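Read the structure below first, then the notes.
Chain IDs A, B and C follow the sequence of writing; residue 1 opens each chain.
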Amino acid sequence: MSPSSAVAEPVAPAARPGRYPLALFRSELQLVFGRARTWVLLAVLAGVPLLIGIAIKLSGSEGGGEGFIGQVAGNGLFLIVASLGLSLPFFLPTAVTVIAGESLAGESSLGTLRNLLTAPAGRSRLLAAKMVALIVFCLAATLTIWLSGLIVGFALFPVGDVLLLSGTTIPLGEGLLRALGIAVVIALSLLGLAGIGLFVSSLTSTPLAAMAATFGTFIVLGILTAIPQIDVIHPWLLMFRWTSFADLLRDPPYWGAIGKNLLLQAGYLTVFYAAAWARITSRDIV
Amino acid sequence: MTQTQQQPAAGSPLVTRGLTKRFRGGQVAVDSVDLEVPAGSVFGFLGPNGSGKTTTIRMLLGLIAPTAGEVQLLGEPMPKAQLRVLPRVGALVEGPAFYPFWSGQANLLRFDAADSTADPRTRKARAGEALERVGLSNAAGKKVRAYSLGMRQRLAIAVALMQRRELLVLDEPTNGLDPQGTREVRHLIQDLAGDGTTIFTSTHLLAEVEQVCTHAAVMSRGKLIRQSSVAELRAELRPRLVVRTPDLGIAAETLKSLGVTDLKTTDETVEGDAVELPIEKFAAALVAADVRIHGFGLERPSLEETFVALTGEGFDVAQ
Amino acid sequence: MGATQRSRRWLVPVAAVAVVAGVGTLGPVVADASPKLPGISAQELLAKVQTAKVDGLSGTVQSSADLGLPALPGVAGGSDSPSGAVTELLSGKHTARVAFAAPDKARVSVLDTMAERVWTMDGKSAWAYDSAEREAVKLNLPAHQPGKPAAGTPKSYDPQSVAKQFLDAIDPSTKVDVSGTEKVAGRDAYKLRLIPRADQTTVGSVTLAVDSKTWVPLQVTVLPRTGKDPAVQVGFSQVSFDVPAASTFAFTPPKGVKVTEPKTPTTRPDRPAKPIDPKAVPGKPNLKAGNEPTVIGEGWSAVVLVRGAELTGANGPLDQLLAGAQQVQGSWGKGKIVTSKMVNVLLTDDGRVFAGLVTPQTLQDAAAKAPR
């Protein structure tokens, strides 16, 4: 994934790593998860299943509606799937955009970037640590929804065997595992956006600008995905296969589209991570 | 990158050759600077605002890339060998910068964790020691957001002191400190220098330089205009003969006849360059000329005056 | 380190773009390089196809249709009417899982976005299930029900002579050849190509990829006369010729699913449309016919005539289409012509609609010949 390992060599040939190269990664996680802002974001995400659950409970519907939402009243487990699916178009990208936009631009605006670099963190390693923290955040975000959906779903609704899209039924335990798989797939689906955010964040010293630009890019990609005239480029667009997570609820799971989605995310991540690397390693840090 | 094989003076921990930085606007902030900091010295880096000190320090530490020239830190080329060199260099660049939502101690721990050579087992202890040295032990758990400017400055020094360093590069370490703090930092620098650490520090406080520095360099408009030991600088400062008297006219004429040049007359004094010594000769001549002497002696100009003489008068920054 | 050296680092992301784009576009091409197979004549290949007999298969079918119809935002698929479902399947890209076991078990599931439509029959009964509605329709099959095309009818005849007869019959209108080999769903296949001789048609060629071991057609590709991109392509992206387990075709209505059981087996379930048939060639565009359509001409240049079609009204997208259509006139009268890559439609002012996989000029000629 990281081009740094291969390309950074000629830049610092003598750069033998110290004995504790992972300390920075741990510190980076502390930085992301040691901030109130992160916990507010996660709390908002945890609130999604709660809101949906309460709304369905209050409306008293017996589960007649279409899609996953319509199944929640009959089986609380679908609250997890419905919440993950409904968070994907907006809440999750927003959360990722905030954290990714903050990552390098935040350090730059505080001036802590120069402290890190004279420590020395090493620019490539710092970027890798930022990326790892972003990946962990993506996972934390979707797992938060999974957990909150589990608790709220089990508290408010009956639970039982899980009806798959293909019309077959699996036991609850397997259903929970598949929902967990969906959480992981959605987290991985966010990585392309995280890569874009990291790159944009390396361009500026203003975290808000980085967030706005990343979210703007996300919106533009979304609009492009909705224009049928340019469907030739659709398979190349970031969100084109985002809905493939539902393929985990087929019998057996259909991996084709999920695989393509993950490849696409990997492609975006590679390109934008490489760009962020080129930027951060050549940039004047003032 | 042209690798000049010109070797630095044996063991010099900080050498630059033709170091130049031209910013994107075309402005040359640092112009062909050749620095050479002797091992074990306390090196004062002086210059008016905007003369290029911080820019030079950024290049020394690999934060910005030089347009031309090269830097050797601890005998190794920068920024090529930065991951090997910088753990042995403590740095403070352009004011304190911290995570305001974290405590002073947490900030120290983070920057130490960024150094892959720093032992995590001793991290807490070393942080405690560094905080102790800068007098922040009592505020260690306080959020940096609630620190005063001076406290932040002290914390920034603590970052540089987290490990045993061979070289300290400090950009205005006493900026914003109270008199006690300034004095503490002076003592700290003297202590560290006593342990054999080379210290390269930019400062505007010339009293500091006179008290602690062994060497000094002066920047002006991006150029290095002076570089020598402080003793040498001081020796060059020719003392001036100052006569306090009400008989200004006669005194001036007498001194002139004795070969004193650059005579200046103020309300109460006549002064000039006393080329020849001993000075008793002048005293005797003045007495003989019936000049009433209220005061008589040699005065050394301060470093400040030298500094102004070197870098020019005027309050406006150069660029 | 000089500025030029540092700017050279941007070569890394540029290279990354090139690699990613290369893998994305060239990867499949490299993987599908033509396999080496012994030569075969069109007649032999046709004969082999007729002898093809599999006891069962399962796989994934991908279909993509780009008839060059103008794309209109907001009308992409998803219609609730049966005709809407058909047009929806005939446009865009679809993925379906298919399974078949001789003689009469079959299952097709169309993998929709976050939903699935299933048709399955196990010999005794047939089910249609729509996950979006969570509704199932059950049909009790009559004793004899034709299975999938590949089942064939076990009659004894000479495939070689049948193939020859067929080739002779279509030779005046169509050139048939074996145009090479191809990898489809990881299997080596021959390409049997049909090229219309008439230049009135917009069809460039129809190519069947025939598996070199089982002689089952794996893919159908329809190319327009102009352009290189297929107008229609239906084929396996993954296939296995193992007989699927009987449980594959069984359907037990799950709890919470509404089951309806129509009395007459001839009635088709409303919402689920007919399954994708890998051999299907797209039909004519879906128009609300005023009366029975007539066919003018034959073969590739056949034109369908529909009278009294209602063309005006609150049909937004159609109005949009017509607004941009070219105005034409001739001995037959005046009208508008809607052109696309493959399908062309002539709408006369007196309410007749001519459509076909033919050139606009052919449509006008047909209109001139057609009885009023």
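To be clear about the criterion, a residue touches a chain if its C-beta (ideal position, glycine included) is under 8 Å from a C-beta of that chain, and two chains touch if they have at least 3 such contacts.
Computed from a predicted structure; not experimentally measured.
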- Task: Work out the mean Cα position per chain and let me know which chain is farthest from chain C.
- Result: B
- Taking each chain's centre as the average of its Cα atoms, which chain lies closest to the overall Cα centroid? A
- Geometric centre distance via CA averages, chain C-chain B, whole Å: 81
- Whole-Å gap separating chain A and chain C, where each centre is the average of the chain's CA atoms: 37
- Query: So, what's the distance in Å between the C-alpha centres of chain B and chain A?
  - Reply: 49
- Task: List, in ascending order, every residue of chain B touching at least 2 other chains.
- Result: 65, 79-80
- Note on the structure: For chain C, residue numbers touching 2 or more other chains are 1, 6
- Among the residues of chain A, which are close enough to touch at least two other chains? 11, 282
- Touching chain A in the complex, chain B uses residues 58, 61-65, 76, 79-84, 86-87, 89, 91, 93-95, 97-102, 106, 109-120, 159
- Message: Quick check: in the complex, which residue numbers of chain A touch chain B?
- Response: 11-21, 23-24, 26-27, 30-31, 34-36, 110-112, 114-122, 125-126, 282, 284-286
- Task: Can you check the complex and tell me which residues of chain A touch chain C?
- Result: 3, 7, 11, 63, 66-68, 70-71, 74-75, 85, 160-161, 163, 165-169, 226-229, 231, 236, 243, 246-247, 250, 254, 256-257, 263, 267, 270-272, 274-275, 277-278, 281-282
- Query: Which chain C residues qualify as touching chain A in the complex?
  - Reply: 1, 6-7, 9-10, 12-13, 15-17, 19-20, 23-24, 60, 71-73, 76, 92, 95, 97, 109, 111, 113-116, 118, 127, 129, 131-134, 136, 237-238, 251-257
